[in-house]
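What follows is a set of structures for review.
Okay, so subunit A shows up in both of these, paired with subunit B first and subunit C after.
Let's turn to the complex of A and B:
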């Protein structure tokens, strides 16, 4: 097995393994309940119900998507070590890098399938409630897919050297900080201290800016998202995935399983 | 001994639970509105990208205040703080801006806060005439700032969906802010741009009223001089030329041949054809509303 073969085989196995996981279905179930319940919750307002419905729907997709990514991602390598299947796999002509990339792609495919199911439910609920669903919504969902790809790569990185609990803590921390960096920068720039200003600018530069994948408000209000910003977000997503997976591969290659 | 220790611990725990239960509020969460809302910038950080959901939550809280059995009276500040959060987290919301204009009317400070929100609404929705309309109304009606009202409303005349009366309202407001010449010039421009003869006729009617107003103001000045000189008011407009020496050699002609009379209700000099002065009218119900609003503003100023 050389080249893409082993990666795809491992990805396929990871996908098959993931869809057997009951916890995945529980999370998906809650996400779907939340999306459907958004139609009820929106009736709490006497105006702009469509906006509230879609805010809740999008939030459910992003929240449960991130939850599934972190929950599944942090145990990615640990499960294989725990079940000792990693020894069998790595004894075959499969490099550690191929193993890790296969696991990553398998989990990403699982997540994107979940996202497609949640997106379809969201579209259906929006349609029944008379809320618009257009290209802007699809773009926002597409960017959620990119955000999940980055999040899975983060979880894969921490999973490559830490226990599931620690990997989950690190991944969650980086996810939350990733959503803060832009606002922190803005707060720093609004302040008087030059030190705070440069610190917040560097935090924004060094850490992933996950808010660039969050275009929910624009989609819900029908505000066009500039193509340059979509392109920049896609490029950033690709770059961060490559970076995190690169570090994962290097870390995993040095890991001693004994 | 051990049993006694256990019983003491159990009693202490039971007492702690009992005390805490007594201290807990009896009303369900949400009904005890304290008026404390988070700073929008910190909330944006704490929402970790779920800003729009947080905005929805605070919007629903604002609605609940208005729908409360006690009503929204006296709670403008609370509503304003909630809407500040809503509109800072999601500036593209639509209705909350006008909600502020409708429900934040306790006193002058509340109206000014609502105006701040409406200005944000205008920035977010520059093509919507309604936020400008509400802002202009607040300036004119509650704050008595006609110049600002005219300035806010004038750009709305170019916006789609605006009501037909808006241009004439702006013309009337301009009389106060820029004088009759400004209003006449504005109407001249409206006549030039009018889409049909019917609209042109309506604007010409307003131009006629402005001319009447211009002449009525001359009579007002003469009336003031009359009062200064004779320590009494005029019985009729004709007194201005009949007294010796006359205040005016002759009365300015009413442009359409009408007469000048002293209106028995307002006491103002008006044309017998027009019957009122060129101004934005406030009817009796609204006058009462305005009186209450001014009273509230005065008392809250006194308190502060």
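Let's turn to the complex of A and C:
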């Protein structure tokens, strides 16, 4: 068997495995509680209730989305090696790259399903509370989906060679740094030191700029997001996913499964 | 040797592992070589830690060799496509226990290249073959260890491979389960499949294997037929005689190269096969009675222990 057959089979199986994970439902439950609670919390304010509601709702979606991505992603490959299920899979005509891509796509499908559920709940709560929900909100949610794709590729990379604890630490670290690279660059450029400036520019170039996927402020305040910026974010997301998965494939191909 | 008949070829395989970061590499396979012929049941045996599973993992592409070459069906083991023609059942398997027996086999059949049209039949056939048809729609978490072992074998067979690799297939099974798996291996072999089996249960090997390789401490200590003799190819026979005088017995022992045992007038003489007729003629002429003639087979346990002893002797020297 060649091509996408094994990838889809492994992706489908990963999805089936994930949707039976009870921890996933607990996290999803808390995310939905947060989204619903945003409506209640917004009533505590006399001003900009709708914006507070949507800020909290978007934050819940992004926070729990990232949490689930890291939580599930870090064990994605390690669990297969630990349980030795990988032995029977790789003894079939399946390349290691196909295995990794299948696992990645399976988890990504799971996360996007969850994002769809959270997004639908957010839309419902916004509707009930009288807050607007338009194309800007959909774009912001779409970019959260892209960010999750990048985050899962990061978790897949670390899962391909590290234990879940280490993989979680690395993934979380990179996620946090990824949200700071743009600010770091801005700080460096505002300073007088050329060294600091070149270091921060270098960090911004080498590490993913995850803040480019965060367009919540524009969505909540009704500020249009230029198509060029959306396109750039999509391309950047695709490039980072390709890069992280490419490194994962190379790393994984060299591993011995003892 | 006919290359077409050669299903597995391992040539001077070396494997080093690094026990931990910064530690010296440890050699676990010291340039082993052996081959498996088409249509045979091949037993790869050795004590725990000898390198059996490591060798099998190299053949399955799960571990990369440090040196040497390994091929299966003429393909280098680093290739992938030829794996449609092989099946592998690991030791103490774990499967996705949220799936049913039928679902997991459908998954493996899909990976094995069976078309979606043929999969239901292929899965039903293999479930029947391993005796799991009654539990096909139960989740794997409800299966016993013996049933999981059968699932492991079923997934190795579901795409109808021509070579099957089994790692300790009888491990942890009760006597009934072991017999069923043995019967299944014999059936696979009679279907024309080549079977490579890792095990340390010698009685099973003796019953079903055509040839064996004994691996001890990462080196092949013996390779050949199960009936291979220890210390030369000469077969021996235990000749038990009644009514011999001790003097005659001693004389006959040295004359015919026999080892004596027994007491009173019942003496057993372990004699080279080619000397048996002369010994019998001589003993009968002395008025002795023949009680028993028993060919001595070099059983696998002797062969195995001999190989282990030789190997440890060699490593000590």
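Side notes on the structure shown:
One rule holds in what follows: the second predicted complex is superposed on the first by the 258 of 258 C-alpha atoms of A that agree within 3 Å, B and C clash if a C-alpha of one lies under 4 Å from a C-alpha of the other, contacts with A are read in each partner's own complex, and residues count from 1 in each chain.
Note that in this section a contact is a pair of C-beta atoms (placed from the backbone, for glycine too) under 8 Å apart; a residue touches a chain by one contact, two chains touch by 3 or more.
If you're wondering where the values come from, they're calculated on a predicted model, not measured in any experiment.
With subunit A as the common reference, the superposed partners subunit B and subunit C fit together side by side.
Residue contacts after overlaying the shared chain place A:6 against subunit C, while subunit B stays out of touching range. Touch criterion not met for A:230: it reaches neither subunit B nor subunit C. Shared-chain residue A:203: touches no atom of subunit B or subunit C. Judged by the touch definition given at the top, the superposed model places A:94 against subunit C, while subunit B stays out of reach.
Touch criterion met: A:48 reaches subunit B, while subunit C stays clear of it. Legend: residue contacts after superposition of the two complexes on their common chain; A:17 is shown touching subunit C, with no touch to subunit B. Aligning both complexes on chain A leaves subunit B and subunit C separated at their closest CA atoms by 34 Å. Annotation: subunit A has no residue touching subunit B in one complex and subunit C in the other. Contacts from subunit B toward subunit A in the complex involve residues 41, 44-45, 48-53, 55-56, 59-60, 63, 90, 92-95.
Within the complex formed with subunit B, the subunit A residues making contact are 44-48, 51-52, 55-56, 58-59, 62-63, 176, 179-180, 183-184, 187, 210-211, 214, 216-217, 220-221, 223. Interface residues of subunit A facing subunit C in the complex, by the touch rule stated above, are 1-2, 5-6, 9-10, 13, 16-17, 20, 83-95, 254, 256-258. Interface residues of subunit C facing subunit A in the complex, by the touch rule stated above, are 17, 54, 57, 60-64, 80-84, 86-90, 92-96, 98-99, 107-108, 110-113, 152, 155-156, 159, 165.
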